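Next up: the structures, one after another.
Two complexes, one shared chain (chain A), two partners (chain B, chain C).
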Partner chain A sequence: MTYVISETLSEYDTPICDTLAETVKKSLRTSDTIGIDRCLQCGACTSSCPAARFTDYNPRTIVKRVMENDISVIEDESIWNCFYCYTCHLRCPRNNSPTQIVQVLKQMAINKGIGLNKLEVLFGYGDAFSEFGVSKIPDLYVGQMEDDLGIRWREFKNNLDSVRSELGLGAVAVKDSGRGEIRAILAGIGFFDRQDLLKHMAKSKSNTVDEKGEIIK
Partner chain B sequence: MLIGQYYIPNTSKYEDMNHSKDHVGVFICHCGGNISDIIDIRSVKQEIRSDNISTFDCEYLCSNVGQDLIKTSIYKHSLDKVIIGACTPAKHEKLFKKCVEDAQLNASMLEIANLREQCSWVHPNNLATTNKAISLLNGKIKRIQTALPLIPIQIPINPNAMVIGGGIAGINSALNLANNGIHTYLIEKEVTIGGNSAKIGKMFSPEKLAEECSMCSLSPLMNEVGSHPNITLITCSEVENVNGSAGDFRVTIRKKPRYVKDNCMACGRCSKVCPTYVENDYNCGVKDKKAISMRFAQSVPQIYSIDPDHCIELTGGECGKCRDICKVNAIDFEQKDEMIELDVGAIVVATGFDEYDASRKPQYGYGLFENVVTQMELARILGVNGPTLGKFARPSDNSMPHNIVMIQCVGSRDESKSGNKYCSRYCCMAALKHASLIVKKYPDANVIICYIDIRAFGLYENYYRAVQDMGVSFVRGRPAEVVQKANHNLVVKIEDTLTQELKEIPADMVVLSSAMEASAGTKQVANILNITLSEDGFIKEKHSKLKPVDTSRDGIFVCGTAQSPKDVTDTIAQSGLAAARTSAFISDKVIRLDPQIAQIERSLCNNCDECIKCPFEAISKDKLGNVDINPLVCNGCGYCTKLCSKDAISIAGYKEEQIMAEIDGVIEKGDVLAFLSREIPYATADNIGNSVAEYPANIKIVQVPTTTIITKAMIEHALIRGSQAVLMVEEPTDNPVGSFIYPLALKNFEQLKGELGKKGARLHFKKAYIPHYRGLAETFISLAQMEDIE
Partner chain C sequence: MKQIENIPDSGIFLFKSCMVSVEYPGIESSTTYVFDKLGIDYFVSDEQSCCTGLGYYFDLFDQMSTTAIAARNFAVARKNGYNNITPMCSTCYAINKKACALLNSNDEVRSNINSVFKQAGLDDLIYEQNSLDEVDNFYHVVELFLSKAKQIGKLKLKLNTIDFSGVRVAAHHACHYYKIQSDDMIGNPNHPLLIDTIAKSCGADVVEWYEDKTLTCGAGFSQIHVNRDLSLKVTHAKLESLKEAGVELLLHMCPNCQIQYDRYQPVIEKEYGTKYDLVHMNIAQFVALALGADPVKVCGFQTHSVPLDEFLVRIGVSV
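Entry: the complex of A and B
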């Protein structure tokens, strides 16, 4: 597999640096004050992590591998198990943020065409965003949510609007005019181009993109 | 002449003298060749000798022979003034001053020309070096003709000391001072001394690998304080205000009422009849104390006190049972706050720590789950005089816990907003001590310590090993959270980072090793005393290695956990040092101050108040509305001389005419004049010489207090004398003077540059750092060369 990082995509979120830790620190996705250099491997992140509880994902060892500049960490499938609950971010005593680090790693993986199968199920978020102006749970997960949380969850979801109105809240859906605005913003920041490219990559047999983000046939 | 409390030199008898007739002796040191190999001393002597200038030279002026030469020559030749051409004044100025004083001359009748660090060493291969030596000596000869005698300012030191805080640090400091014969006031805000160390049941011994009764060590010391003839113990009291300065502080104390007079016999009848139970702060909030009580049995002084917030009588009700039963009529509900004023020469701050509020880490459940306690609370639970009378029991059901999990670094080594960055230093050993106590007494108990690093420094490692051998378990990791299950039982969630296992450890009791924080009292007292705190909130020492108990203010010392987190051993060591430093300070009896500070000529002063802008707050108005300079605070930086439009303020020894005279003697055509501030910049220039670096001989250095005293007239004078350029080198901002002066000096430079117009291009400014002597040498070289091209 060729390692090609698209410069247009990576300028801000995965800047090319001498070390992985530098890329993480410079990335727009991480806080300016991220304490990756101060990590002392105490494991507060891992012991707090719901994903670590049920899978082999271990945020502490991910951070360690980043500190050791182990580039193979982006090929580690476990990173896709982090679902951004930010508990590690909250609990870390050194102001480090494994969840932010993983976001950079995932983007680096995507740039290399790794993990697109993990990404595919999430395209529904983007589609919902562009269509309704709000995100929605991908279809694939709906059944699993019901398994995990029971029928009560389905009922809650079906009656969401009346529950919200009882609480004095408006409808969750964005109004037509608002949807247009959100769509314009998304178009303006190149969201659709990027999503189309990723969808194309996911479908395509080729797993690499060139410097400009074009797919190499 | 005595003005107010300070001695001001009497110079009137010198004023009519014609200084140019004074007989000056010039002594040149060979420095064993360091000077004489480069500088032709014979031609120097020939060049400067005249009717009223005698010259001498010596192999080593700093030797006994050299010193004798100076002293006897002063008598033999009736010298009025002395110039020494030798190494930097930083080296032997004090020695030579003593020499001339021994020979009955005033110390300011001495000037030193730096012929080694700033001449022979930096221009070793230059024919101009001898000429430079002559010009440096000429500068000093001209300067000393304008010199007036200065008498060192002496301020008597009050022989009493004050210790604020009656914990183990304050107790030890006060005892050390008192045993040294110094009368000491010990101020304590609680009803008894003892502080946090009175709460700890046991202290560990790293030699005996055992735990010892801490009250058995502390109580005799407390009693000694109570009965020591040199200690005045003032409890229930807080410092409210401090005036004055080192050697002469006036402290105002607010003494709160205890509602029990000193004739209390401590029989305890009052407490027995008192109907009101209150929360016992000594036992971490357990409600086992009466509204009239003694804090603990060994309290000093042995006087009961009433809690005014809960006493029925004092909260407006009717009771008076204690008053009725007291046989010595010690109960006095009429007591009021009392203000006490004390004069002391020095102060020791020993205001201790507060335990970190562990509820700021809600994931550990402190304050939510009854069986989550702190190490300090565990110390009370394990203490024989504690809430359970020594029975090891957990709070929820008073049953004995079998599984105990300790969590280290709660609020320590934590950079989030709810934590402290530092390591609290005591908690690893406290956890080991408590684990050891539990396992020794209850071998069935299972103690697990969750740690990140065990910091058992030095000989403490022996104790750590002993505790490991006892079967206490260690899990490396910072737990995520504590969860409460049925029956108030707990589960600690943690990753064992050594095995990468996620563990859920069941616990009957969880003990949090809470951080040590600077106490509220420490911050309050620091504010009142106007001493600097570190960013962590502790009182900052002057130098972490060399002056560990000196604070930012002279005459005020600090020790114990008010200064940084530490354990009892370190606290005892440091409080002894604080007492020694205080004792040394007080036994000097007088403070001798450098006379080279600001002086005001009141007849010229028009009370414009400009000088009161002094960045060090050394200048104020006295009761009569006159400008008053505090010689204890003034460091002689000279900034005020620039603020004064009437030339009423000057720095003694650095008057404008003295500097002008030196410029007159030193500067020749084509020279570069470098004004160097007297601390770091002057030392940096010396360092160029020490480091065998070189620069051209046409660089002529004149020392100033700081460059803020430099005037347009001085620069113009130098330019008229033929100086090609003028350089001003200032203290760096990380120096105590520079931190205030550097920006003001920069402003002065910019203003001078503007005022000089076209000539301003020849004026340069820079700051210096001692290790970066090459930077200063390069500036010298480039200035000398640049002007060559012109």
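Entry: the complex of A and C
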């Protein structure tokens, strides 16, 4: 059985181009004015980066590898350390955005089945959103949070409805008609196709994708 | 660039936040308490969905899906005649602003999303180009408070509530408010002072600068779950910086940051064998308290992990 990555989605976040830098510039995730071609390699990004402060993640060299069209950069584990805090984006004197570039690289990695072990633990988020129209902490992490945050937090969560009603607040979930709209939109836009594909890829651990984005089993 | 004089006080669509709703619901009740006191004209909808920001930064949601959900929420706001999208969360703020900019400037995105709406029979959701402006229709609640800082100060004096003098207060401004679309923030993104200014108007003794003021909270979306040790290292660094500056109360403007500090401060104390004499509030909870709100029935402090009881007693609030 062959699965094809939903073209409508991958085409926008990771458009297929001749070079990595072109893909970055054309991606919907990055700003229209992203200054990747103007990068001076000054290192303002790395010197202000919280991930670089504590790990070997280096946004300056990640950008350099993208400029050199080094595709192996998507396999670099360190890109998963970015906090998406946008400090590099603010500090860059040339209007470049390493954090946006890393978002594109991670989408490219995910399309090729790389890093799915870090993604599959978060799938519960998409499921909750499409059911209730609101987000929640992925179920798989609730246990860790209970261990970390203790009995006080668990009791509050158990009493959330009564706490909310004492504060004069209504239901958390979107009302029924709105939920139907949300599901119709996510289906029409291709979100479910992609989520299902990613779930399948994570489950089957089939990591090989050909040039057209088709998984080879 | 956004000017403080132009911040609206009517037509406010108070954009609900997922993490406010389930972790610190007192932020929402405090915000509406303050809005009511200030005479701000706002609307809250039970049709509005979450912005998908967490999913987007979990690398699960693509830009097109996130933009389509934003377009639906804009239609909810429009239908009710409240077009100034005003979140309590900095990620909702930045996600919605970017979605609006894309819907206005990218014909392919707009027509793709509108055709999905049409095919689903949801014609009333269709987004007309420039029906919202990505600068003039998007605000963070903290900006509304800042624009009313003088009024808040006067009202507090009149109500003769809490004396905050001598309480060492500092601010953690949320990255996604001032680092993503930095041209549209109020003030200097290298040294944000919105929360500081509001806290001063309430008479607090504000510590305007501490070493790691502009460092991220460390939550990093998936990082606290997938990369927990790294996430806590960053938060620990920031807590150390606050301890150094002798800060007793840290004020927030984003529920994700508040989770990271308030929920994980006791975890860090345990894992790093240290102790912090520091409590946390959202700026809305702080202003509500300053204007006489009940700490439990309005501010919702009972949902916090770092207990505030001792702190509140010390500043003369009965709990």
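Everything below uses one rule, namely that the second predicted complex is superposed on the first by the 163 of 217 C-alpha atoms of A that agree within 3 Å, B and C clash if a C-alpha of one lies under 4 Å from a C-alpha of the other, contacts with A are read in each partner's own complex, and residues count from 1 in each chain.
Note that a contact is a pair of C-beta atoms (placed from the backbone, for glycine too) under 8 Å apart; a residue touches a chain by one contact, two chains touch by 3 or more.
Computed from a predicted structure; not experimentally measured.
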More chain A residues in contact [chain B versus chain C]: C
Touching partner for A:Gly35 - first (chain B), second (chain C), both, neither: first
Which superposed partner A:Thr46 touches (first chain B, second chain C, both, neither): first
Which of chain B and chain C A:Cys92 touches, first, second, both or neither: first
Which of chain B and chain C A:Asn58 touches, first, second, both or neither: first
Which of chain B and chain C A:Glu166 touches, first, second, both or neither: second
Partner chain(s) touched by A:Lys26 [first = chain B, second = chain C, both, neither]: neither
Partner chain in contact with A:Gly126 - chain B first, chain C second, else both or neither: second
Common interface residues of chain A - those touching chain B in one complex and chain C in the other: 53, 87
Chain B partner contacts - residues on chain A that touch it in the complex: 35, 38, 40-44, 46-49, 52-53, 58, 60-61, 87, 91-95
Parts of chain B lying in touch with chain A, wherever the complex brings them together: 363, 409, 413-416, 419, 452-453, 476-481, 493-497, 500, 502
Parts of chain A lying in touch with chain C, wherever the complex brings them together: 8-9, 12-13, 27-29, 32, 50-51, 53-55, 80-87, 89-90, 103, 106-107, 110, 118-119, 121-123, 125-126, 129, 133-138, 141, 144-145, 148-150, 152-153, 156-157, 160, 163-164, 166-172, 174-175, 177-178, 181-182, 184-191, 194-195, 198
Interfacial residue positions of chain C with respect to chain A in the complex: 18-19, 21-22, 25-26, 28-29, 46-50, 52, 54-55, 57-65, 67-69, 72, 76, 102, 105-106, 109, 112-113, 116-117, 119-120, 122, 125, 175-176, 178-180, 182, 189, 214-216, 218-223, 225-228, 230, 233-234, 237, 263-264, 266-267, 296-298, 300, 302-303, 305
